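In what comes next, chain A is part of two complexes: it sits with chain B in the first one and with chain C in the second one.
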Partner chain A sequence: MNLEVLIEGWFFKVVLTVLVSFIGVFLGLLYKGFDRKITAMMQSRIGPPWIQPFRDVKKLFMKETIIPDTAIPWLFNAAPIVALVAPLIALAYLPLGPFGPIMEGYGGLILLLYLLAIPAVAMAFGGLASGSPYATVGSQRELVLMMSYELPLAITAVALAFNYETFSIATISSEPVWNSVGMMGGIGFALILAALFAVMPGELSKVPFDQAEAETELAGGLFVEYSGRNLGIFYIAEVVKMVVVGAFLIALFFPYNLSSLYSFGGPEINGMMLWNVIVDTAFFLFKLLIIIYVAVSVIRVGFARFQINKASYFYWVPMTIISLLGMLLVVVGGAA
Partner chain B sequence: MKLSKTFDKALWVFHLNSGSCNACDIEIVAAITPRYDTERFGIKLVGTPRHADVLLFTGPVTKKMKDRVLRVYEQTPEPKVVLVVGNCGSTTGVYYDSYGIEGPLDELLPEDANIIYANGCPVRPENIINGVKEAWLFLEKVRGDNE
Partner chain C sequence: MDEKDGEETTYEVPIGPIHPALKEPFLIKFKLDGEEIVDADPHPGMNHRGIEFMGMHRNPVKVIPLSERICGICSIVHQHMYTTAVEHAVDIVPTNRARYIRTIMMELERIHSHVLWAGVAAHEIGFDTHLHFTWKIREKVMDLLEKISGNRVNYSMWTFGGVRRDITEDMHPDIDETLDYYLDLYDKLEDIFLGDPSIRHRTKNIGILTEEDAMKLCGVGPTVRASGVKKDVRIDQPYAAYGDLDIDYVIPSRYDYEDVGDVFSKTLVRLKEVVQSINIIRQCVEKMPEGEITSEPNMAALLNKLKSAEGEGVGRIEAPRGEAMHYVRLVEDNEDVDCWKVRASTYNNLATYAPMFLGEQIADIPIIAASIDPCIGCMDRAEIVDVNTGEKEEYTDEELHELSVQKTERMLGGIDE
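This part shows the complex of A and B:
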């Protein structure tokens, strides 16, 4: 069997998906470590070492897993797994640096929007299934927040699909969006990008949009009854989601590659130069770090938690108006 | 899974005020400020006993709090360590022989509870960190016994 047939085959796709899942988990924990370290440094603390999230997860898997008497066991146990699997599947549909989506042609933006929404729903169901009043309040807040940030997110997808006349994320990321529009459209996409940066902390339930967890008022919110292995899976799901949302943002708005400016050469493997691939991967990881730094670390240090009604208002009114205005400019500006 | 050394460096702490005068509680908050920064040892304050590895009790146990203390202890998943912060928890301190006090924590908790003390009235943040160090030594002993 020659290489071309192997790469097109389904078996190779399955292997790649599993591989990318492990890489996604590793990267997520790594970036979580950097996030905690950077946050600590911004608060003039020393902070935990970057390896801390790995230790946390390992510890959680060592602990006893308690299922409360009031819980619905199958739903309580299924929620963390669903919350982890959805972002891992999303990774297979996203372009990662020099590599195109593994599942190219099988789904695009619309599917990604659904996959991004599933973890929040799974978390809410897990909270409701645990039978604790704190978790119930947390779940309700999570659902309210989800309904609030989905609209600006959907508007982003619509504007991009209008501009490229396709939902395929590989096509969208093949050319930076800024090159394909004129002045007016550029301003429109800048507005949409600003709204998307505001959506990111909500999507990841980080401060100032962590009302669903809210340790000081809800004692952990959704996760209040979760312990041991289940909590560990939620922990991993959360960090993978951070990588997925970051990669999503990069694919839509910053799909730049260094190798398009200067070819680093190297031996050719399946149509890609080796050094180019390495440099582009490093550049992708760097972009991911910058996005997470801006959208998670800086905002987390700079803001306190909003009340749930204010957070909902923030997404429903100012962010929706900004993204609608952006979409209007894109539509009126048209393609350059 | 067997207890490994990783456990020591990722202790999540749940703090319960079992009737203290708030002095120790303030010192606990001081221990997580930039000056002492216990997060560098991987220690994190969590909101619920389900997430906790270390239960941090302050104060003599009042009659009203006795059941809650026992319930929180039972809610915490194994393996767990109890860190009693301040003199009140270990000896009832200035509240000795008071009518509203159910007595020091070690008389209330089950026989097999692993209790570690950080004394002082109020306890200093350095001593709380020292208590965590004692918890590490204790966990090391548990690992040694398991092998």
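This part shows the complex of A and C:
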């Protein structure tokens, strides 16, 4: 069996998916450590060392997992797993730096949008299943918030699909959007990108859109009854989601590779030059870092938590209008 | 849950006894309709430590350091009230220099308390950046307090007839530097807490206490001054050196704001009081008279005097949270404090919760709860427990009234006392 056949085979895909999952978890925890450190520095604190998220997970997995008497056990236990699996699957559908999507051809943008929505739903169901009034309120808020930010997200998908006439992520990321449209379309996509940056903290439940957890109001909200392994899985799910949303933004709007400007050469493996792959991977990680820094750390430091009705209004009205305007410009600009 | 036309309309959420929105054990039962609050019912009695009982088994001097432990933030306040109550009972007059030193310490503590509160308020609305900022600048006044008294929190400065440590000339540059530090930072603080749109969103027109409600519910301190009520013990019934100083009520309308009584006004009043405190300390440092720091330097003689002392005394003060009071009774055949009663400002302000919470959202619970700057440790002074069953009881307004009527009847009949 030669290399080409092996790479096309299903077994290799499975191995790759597992590998990418582990890399995703590792990167997520790493970036979480970075986010915590940089946030602390911006708040003139010292902050935890970058390795802290790894220690947190280790500790959570060692602790007792308590299932409250009022909970529905199977739903309560299933929620964290579903919340983790969905973003891990999404990783397989996203181009990561120089590598194309593992599951290329099996699903595109629409599938990704659903996979991004699943963790929020799983968290809400887990909260409702735990039988605590705080968790119930948290779950309601999570669902309200999800319904609010999904619209700008969906508009993004429509605008992109219109522009490229396909839902395939690989096709969209093969050519940066900014090159494919004129001046007007460029402004349109810039508006959509701004709306997406506003969606990101909501998607990741970070201040100012952390109403579902809201420590001072709901004592952790939908996670209030979770402990031990279940909470650890939620923790990992959250960090993987951060990587997925970051990679999603990169794939749609910043799919640049340094090797397209200058080839670094190196031994060739399966059509890719080794040095190019290394440089592009490093560049991808750097882009991810910048996106997480802007969309998570900076926003988290600069805002107070919104009330849920104001957060919902923020997504439904200003962000929807901005992204609709963006789509309009893309459509008009594309036709011209 | 309430059932109405077969539909669930409201549900109950308890906030407390242990909850991140509250910094101390306390329980408020909320009735909610969706995210809206339709009823709030505070249940104190979770943090009773029996400090007054402990005090009644010690001699009056030993109670001074104990009285500080009532509160972790306004420790000077309780020390001052207790000391002045005993001085009142035994007719000890503090020296003039001590009055000024006490005033400086109390105002430094007010700065400390208000800056700390601002940080807590920011945390309650999810703005941790400002929590860290305000708590960082709070260190400066704590350093000064440590420099003067030797301690950062419980200062142990007071004694009957004066204070135990002097504020000497060589400390003046440090005091000046600290006050300048806060004046320089004040603009930034105001810009953050009164100017930041995301904070204004969370504080403007939230948790409104009208002037009428404030008067009716007997609220005290910045909580009611924010509603435009001119109420400040420092001016109404001056103690320590306040009678000699130039000082005015801090209410929003003095600074071209409306006396709304919302969280925003309360923030404003507290921030302006920081400036007022700086001003008061400057006046005190300038006017400080020469002389002894205590009128009772001989501890043995003082103890002897207190042993056989007889009398009742009251100490009143405008604490950072509002008016508070201590009552002390000494009797001749008891060398310990015979009776010691503490009433902290939070006790009054607790009643103002009810109108402030109504109609607001769950998201506003923490900031409204924090807006009166509650100190549960100060406030929880009584708890009724059945010794045999260990069960707690709560008395209503009518039951307490009935009990006091019965007591009066017994006293009139000569059965009691």
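The criterion applied here is as follows: the second predicted complex is superposed on the first by the 334 of 336 C-alpha atoms of A that agree within 3 Å, B and C clash if a C-alpha of one lies under 4 Å from a C-alpha of the other, contacts with A are read in each partner's own complex, and residues count from 1 in each chain.
To be clear about the criterion, contacts are C-beta pairs under 8 Å (C-beta built on N, C-alpha and C of every residue); 3 or more make two chains touch, one makes a residue touch a chain.
Bear in mind that the values here come from a model prediction, so they are computed numbers and not experimental data.
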| item | value |
| --- | --- |
| Superposed partners chain B and chain C on chain A - clash or fit | clash |
| Which superposed partner A:267 touches (first chain B, second chain C, both, neither) | neither |
| Chain B versus chain C as contact partner of A:207, first or second or both or neither | second |
| Contacts of A:308 with chain B and chain C, given as first, second, both or neither | second |
| Touched partner set for A:61, first chain B, second chain C, both or neither | first |
| Contacts of A:215 with chain B and chain C, given as first, second, both or neither | both |
| Partner chain(s) touched by A:133 [first = chain B, second = chain C, both, neither] | second |
| Which superposed partner A:105 touches (first chain B, second chain C, both, neither) | neither |
| On chain A, positions contacted by chain B and by chain C | 43-45, 134, 215-216, 218-219 |
| Residues on chain A engaged by chain C in the complex (per definition of touch) | 42-45, 133-134, 137, 207-208, 210-211, 214-219, 301-310 |
| Of chain B, residues touching chain A in the complex | 1-4, 6-7, 9-10, 34, 37, 39-42, 45-48, 50-51, 53, 75, 77-79 |
| Chain A partner contacts - residues on chain C that touch it in the complex | 11-14, 19-21, 35, 122-129, 132-133, 136, 196, 198-199, 201-202, 361-366 |
| List of chain A residues in touch with chain B within their complex | 36, 40, 43-49, 52, 55-56, 58-59, 61-66, 134, 215-216, 218-220, 223-228, 231 |
